[in-house]
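We call the chains A, B and C, going by the order they appear; numbering starts again at 1 in every chain.
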């Protein structure tokens, strides 16, 4: 019955589902006479991400750290200035690999529920049927599939298929967004702040639905959010971003249990606690987030880091593996020259 | 023509539960419903339909011959026997001239806007959706036309091409293409930035399908509203060109031309001389009010 | 700020070239042989030859354009076929006359529009609002040249109170600030001001209404600010959009005064253009169009820069 068959696994469980290397994206910002001396926003700089099959990779960071840009790069809504992508062993957008269109069959995205995430002129059913129809599925079958998807996300097809987006609540719309992402039976779903706009109670429902869908369809998730608690609940591994770079990466227990990077520590300690005895006196981070047009030299976090030293301004720390996780900080690099680092 | 760039309102959530009546209201249906309920719009529509019907059915209305002159019966006042609205400076029946004049005047007003809508709309939507170099090329070309005030452009083009209805149509179309293109481009660029367009792109559909299904439905509304607001401008401009002798040539009946030829009559029969302008005025007001009504109907969250 | 203005000016240069190209092409839009379009068939040979040389009709089109452009840039717009005088002089005189009328009309229209629009936006009674809306609707819908004729009928023909045409009494060659000349200005100014009045009133009313509904106004009221002080804030907020529209309307006035000037035989650029069209005096047609278009562009540029200065939300440079 399915004329869009889910793409089958190729390289086995050890091969990463998606591997993006050296991604770079700079956005020009207007300025200068006749376009000379153009400034750029260095949204993403030399980023490498690897997503393993069946995992949920959480991506956290402040607003403006480049998370959304990464999401759009992974699904190729934006073209990277530099960098490569490999989907289950096939290079993307290269002569011997798969096309971007093919990538989009296997990687889909759920947008944040803004009022513009669904076309207000189409019914829910029409919105869900759009993607299958675009890939050659017949109209009748696409409609049936749409109803199917609605049921899967907990919305009664009879009542909701003919409704318009403005008649739905935020939580319902987000379910539709998720259904839309599943319409082409993807293997990887990128969720860009997918639950951030929802009320807490609704958010919990949607999160649990996401967990169920993941096991039912054998999905892999990249979950982008600024909400640390949600990320902890959902993720297997966590990636922490700051100003376009990865600062820490590792299993969720390691990141949340023993954060190594000063930024991660600051983020985690800023979470309000339910325990009234735990009080924080000092501000976790000093200073304002620097300008992405002109990031600090060397380590980008050094302007707000209480442990910054000369070496931090001189050299950029690379992401290096330690016992449990990877971290980009001179303090954890033996022989880096930082006073807190071990000798080489 | 001041351009207030319309911004797209996608509407927020109106109700949490599905509506009681069980019938889902699509956007265009609700627009139509609101239009039908607006008394001003209905009256104007009625007047315009009357005018258009009179213009179309003119040959069968039992009117006098609008071309037949009579040296004896020149500038007869309103209410003369045989001539309900009097006669013009060459003795032709005014009522007939006014109704037949409606044909040309309305045609010269609506046609350029329709052409400009097709061409300008297409260019603007393309520029808005594709962005980048294509956008720059199209919009910079429009800028050249924008450097002229519209009246000046119309007159210069008409003046250079020579008088005549066809030239006027061409000149006016050229005058209206840039503003419609600009509005189309601006509106399309807005829509293109919305997430649902990104989602459509992410689903791997062809550009044509995305534009057809997702962009057009959201873009055509504001463009149409803007275009209808231009109709009254077009009618006045066309009449103005004929008034200057650049548009329709005598002895064709056309309201602007009639205003010109009747100028000599203002000392003899001033009311008669002003009559064609009244027609232009009424038509213009009706189109403006309907355009306003359309904008209001489309403005509310569906 | 200066950099922004400079940048915008630089961006205008290709547009300016386009404009000059369009104006140049006007000659070739005319049907038939360009020469015969410009001169009547019985024109003396010297005139024909002089024109041929001026336009360079024997050379290929791009060369013609460049020659014409070069000559024009030196300030020589050619010679009028009708009067034999240099086009530049004719246009300059006419332009001055048009400006007088335009200034009067914009002053009348804009001041009235701001008052009416603000009153309508603030009005508690629906009657005031309706009335102002009606006035602005009439303003944008009325064919202004027809209104001019009606004004002439009422005030010149029936009442005999104001002169029906001309810039001044019988032997007047130019404009002077005296009673007779001012009397000649009244009717054309009124006729010319209706459309800008209509458009700007609408804009003022809607922007002020919009601003009044913004939350910061409620905040100011809660702080105990007087209505008059709040009005200052509101006007500042509404100013950028209104200024933009005003600028556009002022520009349209300059270029679009042809119809009114024709009705009143006011010797401005519009009147000049009109007679040029009928005499097939293409040098004047080109020269006038060029000057008017460039003035319009400069006006738009100025309005843009002013808008940027007034509206802090727009990024500069």
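Just so it is clear, contacts are C-beta pairs under 8 Å (C-beta built on N, C-alpha and C of every residue); 3 or more make two chains touch, one makes a residue touch a chain.
Nothing here was measured: the structure is a model prediction, and the numbers come from that model.
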item: Most widely separated chain from chain B, with each centre as the mean of CA atoms; value: A
item: Chains linked by the largest number of contacting C-beta pairs; value: B-C
item: Chain with minimal offset from the mean of all protein Cα atoms; value: B
item: Whole-Å gap separating chain A and chain B, where each centre is the average of the chain's CA atoms; value: 49
item: Euclidean distance of C-alpha centroids - chain B vs chain C, Å; value: 22
item: Separation of mean Cα positions, chain C and chain A [Å, integer]; value: 54
item: For the chain B and chain A complex, residues of the former touching the latter; value: 10-16, 18-19, 24-27, 194-196, 198-206, 209, 213-214, 217-218, 301-302
item: Of chain C, residues touching chain B in the complex; value: 14-16, 18-19, 21-23, 26-27, 29-31, 137-138, 140-147, 149-150, 152-153, 157-158, 199, 203, 245, 248-249, 251-252, 254-256, 258-259, 262, 273-274, 276-278, 282, 285, 289, 292-294, 296-297, 300
item: Of chain A, residues touching chain B in the complex; value: 72, 75, 77, 101, 104-105, 108-109, 111-112, 114-123, 127, 130-131, 134-135, 159-160, 162-164, 166-170, 177, 180, 183-184
item: In the complex with chain C, residue positions of chain B that touch it; value: 1-4, 140-141, 143-145, 147-152, 155-162, 232, 236, 239-240, 243-246, 256, 259, 263, 266-267, 270, 273-274, 276-277, 280-281, 284-285, 288-289
